[in-house]
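We call the chains A, B, C, D, E and F, going by the order they appear; numbering starts again at 1 in every chain.
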Amino acid sequence: MRNIVVTDPPRADAGDAEALGRFGVATVHEALGRVGYLGPELRPAWPGARIGGTAVTVLCWPGDNLMIHVAVEQCRPGDVLVVATNSPSTDGLFGELFATALAHRGVRGVVLGCGVRDVAELREMGFPAWSRAVSAQGSVKATAGAVNVPVVLGGQTISPGDVVVADDDGVLVVPRGDVPRALTASQARIEKEAASRAAFQEGQLGLDRYGLRDELPRFGLEYVSYQTWAGER
Amino acid sequence: MRNIVVTDPPRADAGDAEALGRFGVATVHEALGRVGYLGPELRPAWPGARIGGTAVTVLCWPGDNLMIHVAVEQCRPGDVLVVATNSPSTDGLFGELFATALAHRGVRGVVLGCGVRDVAELREMGFPAWSRAVSAQGSVKATAGAVNVPVVLGGQTISPGDVVVADDDGVLVVPRGDVPRALTASQARIEKEAASRAAFQEGQLGLDRYGLRDELPRFGLEYVSYQTWAGER
Amino acid sequence: MRNIVVTDPPRADAGDAEALGRFGVATVHEALGRVGYLGPELRPAWPGARIGGTAVTVLCWPGDNLMIHVAVEQCRPGDVLVVATNSPSTDGLFGELFATALAHRGVRGVVLGCGVRDVAELREMGFPAWSRAVSAQGSVKATAGAVNVPVVLGGQTISPGDVVVADDDGVLVVPRGDVPRALTASQARIEKEAASRAAFQEGQLGLDRYGLRDELPRFGLEYVSYQTWAGER
Amino acid sequence: MRNIVVTDPPRADAGDAEALGRFGVATVHEALGRVGYLGPELRPAWPGARIGGTAVTVLCWPGDNLMIHVAVEQCRPGDVLVVATNSPSTDGLFGELFATALAHRGVRGVVLGCGVRDVAELREMGFPAWSRAVSAQGSVKATAGAVNVPVVLGGQTISPGDVVVADDDGVLVVPRGDVPRALTASQARIEKEAASRAAFQEGQLGLDRYGLRDELPRFGLEYVSYQTWAGER
Amino acid sequence: MRNIVVTDPPRADAGDAEALGRFGVATVHEALGRVGYLGPELRPAWPGARIGGTAVTVLCWPGDNLMIHVAVEQCRPGDVLVVATNSPSTDGLFGELFATALAHRGVRGVVLGCGVRDVAELREMGFPAWSRAVSAQGSVKATAGAVNVPVVLGGQTISPGDVVVADDDGVLVVPRGDVPRALTASQARIEKEAASRAAFQEGQLGLDRYGLRDELPRFGLEYVSYQTWAGER
Amino acid sequence: MRNIVVTDPPRADAGDAEALGRFGVATVHEALGRVGYLGPELRPAWPGARIGGTAVTVLCWPGDNLMIHVAVEQCRPGDVLVVATNSPSTDGLFGELFATALAHRGVRGVVLGCGVRDVAELREMGFPAWSRAVSAQGSVKATAGAVNVPVVLGGQTISPGDVVVADDDGVLVVPRGDVPRALTASQARIEKEAASRAAFQEGQLGLDRYGLRDELPRFGLEYVSYQTWAGER
């Protein structure tokens, strides 16, 4: 592993990141063609937050948060801190003091492939965090890692400057180059969903709205009354 | 797997299902002799809901929600949608739009052996969901399955028309034929528990209330003072 | 396994236990040199509680809560009940009725290596519980175990009379003999953290506050501009 | 749970069960339309066994093997013992002495939803076992359960007398009524697979053999040379 | 955590340890009253080894094997190295070179709460290892820990000089003070098991041999013929 | 997800890949600076294989092996097939017939982020496979994916043409551009390890060989005799 801090990577536009955040994880994920989701293991430390920001990435040794200290200095308003460890660990590398420092710098939240602690304090501060675990286990500062290199988290590659969207459904990455397309496609999807929602509230069925009913025979689906079915058993 | 939709299965009485829902999962589980619980992996998407309803069952291919579209049409007021996948999957096959359609039809909630998404929206709508995971991962509609056949979820067999009870403790199935017994036994248990609660609030011990104290010698249990015990080590 | 109930073990001072509870899990864990944490698998049944108390320990057979009935009688005001099973189990050995009995005795909460049930009722009562699972699965009363012997939970040994601290970050044990040191060190840490918090709110960096900046060369860390880094790839 | 021993349930034909065993898990699973597999968590205690037999089912309390003692008496030549626990447990309810007793009765193997022990001895005896865990943890004999009632294991319902097939790929259940169809379909599949194997050994592609190549456009699949693809990035 | 190496702890007798090893994990576990088993997560790196030795304990930081280097020097013939990490980690802290050094010193094997690597080489050397994971992930040497202090592994406390028994069923600890009792009780159990084995080979049933048949009514167990049972459903 | 097959990606040299395979996973991982390991969850289907080859990558929908059929045609002698699914799945997408087709094309093995089946047959054929699970669960061919695009597996990005090394320790990726460095560094490491092995066989300690002894005071490590330590407790 090269022990390196990459400074001033280009970021996606902060306003665009915020706009994607407002759309939410599920919408942007679908809009981009069902890609970029970091999976069900990254959960919010407290419910109800929804953010979008630009990634500052950190790669830490397990049980060691030295590089988060290094990374704080690289953060700007509108960023989201993204912390990976280079092997599986649940230790709580991040807590309230880091959140205080990041909030001062205008950072919108943190995503951790390991653990988070001070959950009650983070909730009270309103500082959002997503992580694989909640753990009070403390860290040393003994081994270097890297800041602002591409990291893999939840099966996705996150490069510095990419947009990170996170809410109660988990975390999504939008590569910097895909942001314009994500904005347009999310807006289109939100409109389409609003129309579907209105239709469903009136009682229309997805089978009809999405043209699935005509395709059912192709799937070999039979409809059988309960009486017939029960009689055949 | 037979690709089949069984229509109009007989359901347990909707009022009975609602009554069992009011008793809650732990009470009905105990009342029936400690059976029917779907295990600790099915968790509520948001806390505080408590429901009882009649099962409409769905069997989906992993990553594919085609059959949920088919199942919506089979739902009636008082039903609970129960979704199994035929191999392990955490994908978010169900979200807010399905909830909108089901709410219109009077469905009381959903139980998923896979993932759920749009958690913030479901909480806001007050539509209850229990699932093995929260995941924004989207689905295709490419492979058929079945609706209203018996499915296995959390180690329990759920047949269409059975009663499903769910709350913060998880999910329980009551086979349709056991509903009358469940109602009677749950009512008896709730009364017994109320008496125990009152006794415990006054300071009575379970050892005495349940007649356990006299049985302790049979278990070979010794009482030793700390001093004696510490001296023996 | 010796089937034994040890009576009247010496406890840490109840006021000291309460004071450690107010410091919280992460603070006391760090103050003692990063020891005693029961790991990320023990989670609160409902968010927001923070307690400190003296341990009454119970060792149960999986699926059997007989010994909890025995243990209730051994509890005093200021205690925390700590329940281990002698092999892995998620069954819900503890619920609202036990909580009622313990609340009457002035017990501050429960920590379970297995499952808990009646979560909605516990939240309503304000009785705090930490456990490895939420499960409605009921228990028998058929096999003896032990009360007030040392148990292992979450990789930590807990002896009767030790202090247990628990909050949204999980659960911590402080051996009875370490309580005075824990109090002093926690007070010192809270003051140091308050100073750091104030400094971070003003914009100071951890790199500077903790003297890490001068040590970075020792770690072999290089700073490279994005342009240089991107050019090298 | 009703504490019951059902005696002399009808079994599938022992020769048919043995024949299905020779086909193996994957072949019979496919032949029946991809149903009946107990999932990846049930693993062989030692590699290389392949069996088919008729199920004698047991439902035990976790940590308690009383009912296995009861079940041994119900076993006949050609049977496979199938043990479920009524909540999750890894305890080693079964070992070499049970295997000795079952081998004497002509039983072909054991399938356990919990743990197995004496693995070295079972391997030496050549007695096959599949289980969710290997665990030396011992059991009590304190709580009743049931023998020869339908049990759920690995998401499948297994009734007494059903055929159980098991090998290095795991465990499969064939409901008694499906055995004739399973035999015919497995024989057909084995012949089809032999033809495919021969073709693949000669270099034919599955794309051509299964007629998939013509369907690829329907899936929207594009072929792009590396040069073009790399140029577009 | 106190960073300490405790030198020359008293060990259980090496011959006694070896004798317990020959009895094997399941036998000694039962003989001692079903205590001391480290659970199903510690698995052998290769099948077929069975050892008994005296523990030299190590506590490492996750991802850091510095203390194993320190511990090698503390090992003597007949020892077993026992490595715990102070938070969950799967990293491969131990491999072939350590095994070479330990084999030279007459050490009988290693037990790791984390990962092991060089599995093929260990199998070829015949050096036994039990671990929670196999992982090639390499380590740093940057943070101190402890040698020969009590550690917790798999829910058991292991003190230096205790006997560790390990085979294909996992790992067991016998506290130094319990070794004489373990030897006697294991010998008795092995004789009792030999008699039971012989009886089972002749067709006796456990129900009769262990006097369970007369107790069945107490458990409320009913015997029902299949015909009656099927008729009642 | 773009549904695309990238044809004829440049590969690392086949001889170099084979040479890296001979070094093995742990050696190459260390030689490159402890990077590229796919983690402890990818396990060999049978023990004893050790390979190196060039990656052909596949991205499949869960439960669907259509794209493996497409990928076979893209494979050449010296390749290793690498299969990822775009959400978590254990289904057995690969078995003996695919192995037959790949063996004909000179492919050296397969790495699967999901399940494998026909384990007995693969072992008999000597076709190596690494996977997250063994599962007989069968697949459909209903949804497209991609071939020869970068995939993420076990937290590592694998691009087509990269070298994949796999043995009993798991799986490692060496990016194509790093192959020359990997060869040189692995050769150097193997020589260094041979020297260390010889020294350890003679009884030298790692503490001395690696110059750690002089650094121990920096870590604050104390040596205390057992008597002193026991006296202080």
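In this section, contacts are C-beta pairs under 8 Å (C-beta built on N, C-alpha and C of every residue); 3 or more make two chains touch, one makes a residue touch a chain.
Remember, it's a predicted structure, so these values are computed and weren't measured experimentally.
Path length between chain A and chain D in the chain contact graph, taken as the least number of steps between touching chains: 2. Chains that touch both chain D and chain E: C, F.
Mostly differing positions are employed by chain E and chain F in their mutual contact, as under half of the interface residue numbers are shared between these two copies. Over half of the residue-numbered contact pairs of A-B are shared by just one pair in B-D, C-D or D-E, which is D-E. Work out the mean CA point of chain B and of chain F, and you get 41 Å between them.
Here the spacing of chain A and chain F, counted between their Cα centres, is 28 Å. Residue numbers of chain D whose C-beta contacts span two or more other chains: 2, 34, 37, 39-40, 86-88, 90, 135, 137, 143.
Pairs of chains that satisfy the touch definition comprise A-B, A-C, A-E, A-F, B-C, B-D, B-F, C-D, C-E, D-E, D-F, E-F. Within the complex formed with chain D, the chain F residues making contact are 2-10, 46, 66, 69-70, 72-73, 90, 92, 95-98, 100-101, 104-105, 115, 117-120, 123, 133-138, 141, 143-144, 148, 160. Within the complex, the chain E residues that touch chain C are 1-2, 33-35, 37, 39-40, 86-88, 152, 155-157.
Every residue of chain F that touches chain B in the complex is listed here, in rising order: 61-64, 86-91, 135, 137, 140, 142-143. Across the complex, chain E meets chain D through its residues 24-26, 29-30, 34, 37, 39-40, 43, 47-48, 50, 167-170, 172, 193, 196-197, 200-203, 205-207, 210, 212, 216, 219-226, 229.
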